[in-house]
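Accompanying notes for the structure given below.
Chain nomenclature is as follows: A, B, C, D, E and F, assigned in order of appearance, with residue numbering initiated at 1 for each chain independently.
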Amino acid sequence: MTLHIVSKSPFSCQALHDCLQSLVEGDALLLIEDGVYALQHQALQSLQETRIYCLTADSEARGLQTSSAPDSVEIIDDTRWVQLCTEHNPIVSWFR
Amino acid sequence: MTLHIVSKSPFSCQALHDCLQSLVEGDALLLIEDGVYALQHQALQSLQETRIYCLTADSEARGLQTSSAPDSVEIIDDTRWVQLCTEHNPIVSWFR
Amino acid sequence: MSNRTLALCRAAPYGSALAREGIEAVLASAAMEQDIDLLFLGDGIFQLLDNQAPEAIGQKSLRRNLKALPMFGVEELYVCQSSLEERGILPEQIQIPGAEVTLVEKPGELIAAYQCVLSF
Amino acid sequence: MSNRTLALCRAAPYGSALAREGIEAVLASAAMEQDIDLLFLGDGIFQLLDNQAPEAIGQKSLRRNLKALPMFGVEELYVCQSSLEERGILPEQIQIPGAEVTLVEKPGELIAAYQCVLSF
Amino acid sequence: MPRYAGHFTICTPMKFSLAIYSAPHASQSAASALRFAKALLAGGHEIYRIFFYCDGVQNSNMIAAPPQDEADLISEWQALQQKHNLDLVVCIAAAQRRGVLSQREAHRLEKPVANLAEGFDLAGLGQLTDAVANSERLITFGG
Amino acid sequence: MPRYAGHFTICTPMKFSLAIYSAPHASQSAASALRFAKALLAGGHEIYRIFFYCDGVQNSNMIAAPPQDEADLISEWQALQQKHNLDLVVCIAAAQRRGVLSQREAHRLEKPVANLAEGFDLAGLGQLTDAVANSERLITFGG
C-alpha cells in the first residue's frame, strides 16, 4: 500500500489535488510542512476510506488548531513517521 | 492602471486565481514563463474586460498553439513587454 | 522622490523562506521611514495566525517579526477577506498587538492606489 | 537487489529545472539498465507537447531528451488521462517517436505496482 | 485568433529597477529578468538598480559552471554590467545564508574562500528600499 | 477530534535512502529530511545513501553562514555524517550548474575556489540509481 506525502498547501498548489486523484483504497496520506494546511481544507472531509496522518511539529509550527480537523486525522511524531514509511511501499512525495 | 504579470501555470498554482481576484476594470494581464499555459485554461474565457498579453518567446518555447487562444489575447515580444511596463503602474508579479 | 509602496504577502510561513524574507524587507523599509503598507492575500494570511510554535522544526517565530511592525510605524495591516473565508480563518485569529487589521473586499482597488508593489 | 521504479513527472518544462533534471535522472537510470517507467501527470504532460521551440528563452529542447528514452530501452510512457483532459490536450499532440503512450485512467493503481517512486 | 500587433511607439525613457529572487538554474525567472533588462536598455531606458534577493543571490556565484551548451547567466550579468555600468546589488544577509561571500565577508565570517563574482556588490536591504524610492518602475522576478 | 496515539511497535530495521532536491534556506524540505534522517537512525534503521540533487546540492556548500540563531543544516549534515558514517552524495552535474565545486572540479573547470563541504562526495546520477536498487525504501524531499 502506498504512502503519499504531501508537503504543499492545498490552497496554493495542486499537490493535494493530484495526490487525491492517485489515491487507491487502503493508501495512507501524510501531511507535512505546508501540507498541514489541508487540515483547513474541505478536500479532507470527503476522504472516508483513507488513513490521514499529520506531523505534529508542522501543525504546531503553524499554529493550526488540530481539534477542528476531521476525526480521521491522526497527529503523529517523527518516530511514527518513520514507522509509516516501513509499513508502506511505495512512498510518493507530492511537493509541487 | 495595474499591470499584472503571471508566471506560473494556472493548472498547478494559485497565482492566476489570486491575480484574477485582484483585477480591476482597465487592468492588464501579462502571461510569461509557465503563466502562458493559461492559454489552455478556461479562466481566460471569462475575462471580457481585461487586456491580455502573452510573451511569444514563452508560448513558442512550450509549443502552445496560440491560434486556439481567446481573441482577446495579444501575443507580444520583449519590446512590447517593456512598453507595457512604461504604460502601467503599479506592476504586480504573481510568481507563486 | 518617494513612492507609496505595498508589500503583497502571499506566502505561508516556514514552508518557504519567502514569507520571512518578505517581512525582513518590509522592516528594513519601515526602518528607513519609507511609507510601506502590507496586504496579506492567499496563503499569506497564514503568517498572521496566532500560536505559532516553530521551534520543533528549527525555525524562529515569524510572528515575532510581524509584532515588530508597529514599532517601526506600520500600524495598519490589510487582509484579503475572501482569502480568509476560503481558508476558514476568523478575523480574531489573526490579530497583531499594536496593529489594526483591515479586511479588504476588493484587493485590486487597494493595489491600484500604490506606485510600487513588492511581491513576496 | 533490483527495484521496479516509477518516475512521476509532474513539472512543466522550462519554467523550472525539475522537468529536465527528472528526465536526466531517468536517462541515467535507463543507461544503467535499471527498469524504470515514466508516468506523466498534472503539468508534467506539457513536457510531451510537440513543437517546443525554447531557443528564444535560452534553453535546450526537453523533447530531445525525451526522444532519447526509447534508445535506452524506455519504450512505454504512461500519461494520466484526466490530466490531459483538464488541460485540453489531445493524445495526438503528445507522441514521442519510438515510444508508446499509454493513457492511464487510475494512476493510483499504476503507482501501487512499483517498489520505488521517484517524484520530479 | 489572437492579434499580432507591431508596435513602434517611441516612449520617454524611464528609470527602472528590478528585484530578482530566483537562482539561475532552478527557475526561468532570472533568465526572464536578464532578457527584460536587455530589452529595457535596448529601448533606451535607464536601469537604476538590479537587486538580488532570496535565492536570487546565486546569480552572483562566480564558481557556477553550467555546461557549454547551457546559458551562463552569471557571465551574462557581468557582461551587461560592464557594458552599461549597471548597479548590481546582492543582499548581504540573503547571500550569507546561501553561501555567497565576498573576500571581506569570508574573512569576517571565518570562511576559507569567497565566491562573489566581479561586478556585483554586497549590500543591505536598504538598497532595495532606495531602489523603490528612486525608480519610476520596480518589477519583481520571483518563483 | 483527531486521535493522538502512542506507538511503541518495534519494527525490523530497514535500509533507507533519501533524495533531497531543496537548498537549506529556500524551503523547509531539507530540514524535514534532516529530521527524518535523525528519526530513522534513532529507530535503528540503516541509511544506505543520501543523494543531493537539483537545488539540494546547496546542502554541501561549506561557505553558507546562516545567522547564529538560525539552523545551520550544512554543519548538521556533517555532524550526522561523522557520527554514523553516512554516505552523503552530491550530484556532480547539478552541483556544477549551481556553483558547488570540489577542489578537483574547481581545478578541472578552471574556477579559482572550491566550496564543497567535508563529508560530502561529488558523484554522478548513477549513485541515485544505485541507491534505488539497493534500498528497501526511497523517500524524496523536494519543493
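FYI, contacts are C-beta pairs under 8 Å (C-beta built on N, C-alpha and C of every residue); 3 or more make two chains touch, one makes a residue touch a chain.
Quick caveat, the model's predicted, so the values are computed rather than measured.
*Asks:* Can you give me the shortest step count from chain C to chain D, moving only between touching chains?
*Replies:* Each step joins two touching chains, and the minimum needed here is 2.
*Asks:* Quickly list, by label, the chains bordering both chain A and chain F.
*Replies:* Output, common partners of chain A and chain F: C, D.
*Asks:* Could you tell me which chains make contact with chain C and chain E both?
*Replies:* B, F
*Asks:* Among the chains, which has its CA centre at the largest distance from chain A's?
*Replies:* E
*Asks:* Suppose chain centres are the mean of their C-alpha atoms. Which chain sits farthest from chain D?
*Replies:* Measuring from the centre of chain D, the most distant chain centre belongs to C.
*Asks:* Same or different: do the copies chain E and chain F touch each other through matching residue numbers, with over half of them shared?
*Replies:* Counting which numbers both chains contribute, over half are shared, so the two copies meet through the same residues.
*Asks:* Once you find the CA centre of chain D and the CA centre of chain F, what distance in Å lies between them?
*Replies:* 25
*Asks:* Report the inter-chain centroid distance for chain B and chain F in whole angstrom, where each centroid is the mean of the CA atoms.
*Replies:* Comparing mean C-alpha positions, chain F is 38 Å from chain B.
*Asks:* Could you list the positions in chain A whose residues touch two or more of the other chains?
*Replies:* Residues 7-8, 11-12, 14, 33-34, 57, 89, 91, 93, 95-96 of chain A touch two or more partner chains.
*Asks:* For chain E, jot down the residues that touch at least 2 other chains.
*Replies:* 21, 25-26, 28, 32, 35, 54, 70, 93, 138, 140, 142
*Asks:* Check each residue of chain C and list the ones that touch at least two other chains.
*Replies:* Answer for chain C, listing residues that touch two or more other chains: 10, 14-18, 42-43, 57, 59, 116-117, 119.
*Asks:* If each protein chain is taken as a node and each touching pair as an edge, is the resulting graph a line, ring, star, complete or other?
*Replies:* Here the contact pattern is something else, fitting no line, ring, star or complete shape.
*Asks:* Go through the chains and record each pair that touches.
*Replies:* Those chain pairs satisfying the definition are A-B, A-C, A-D, A-F, B-C, B-D, B-E, C-E, C-F, D-E, D-F, E-F.
*Asks:* So in the complex, the part of chain F that touches chain E is made up of which residues?
*Replies:* It is residues 23-26, 54-55, 58, 61-67, 70, 93, 96-101, 105-106, 109, 111-115 of chain F that touch chain E.
*Asks:* With touch defined as at the start, can you tell me which chain F residues reach chain A in the complex?
*Replies:* Against chain A, chain F makes touches at 1-5, 7, 9, 11-12, 14, 16, 21, 27-29, 32, 35-36, 38-40, 42-43, 45, 136-143.
*Asks:* Within their complex, state which residues of chain B touch chain E.
*Replies:* 5, 7-8, 32-34, 54, 57, 66-67, 69-76, 78-83, 85-87, 89, 91, 93, 95-96
*Asks:* Which bits of chain D are touching chain F when the two form their complex?
*Replies:* 1-3, 5, 17-18, 21, 24-25, 28-29, 32, 34, 116-119
*Asks:* Which residues, counting only chain C, touch chain B once they are in their complex?
*Replies:* Residue positions touching the partner: 6, 8, 10-11, 18, 41-43, 80, 82-83, 106-109, 111-112, 114-117, 119.
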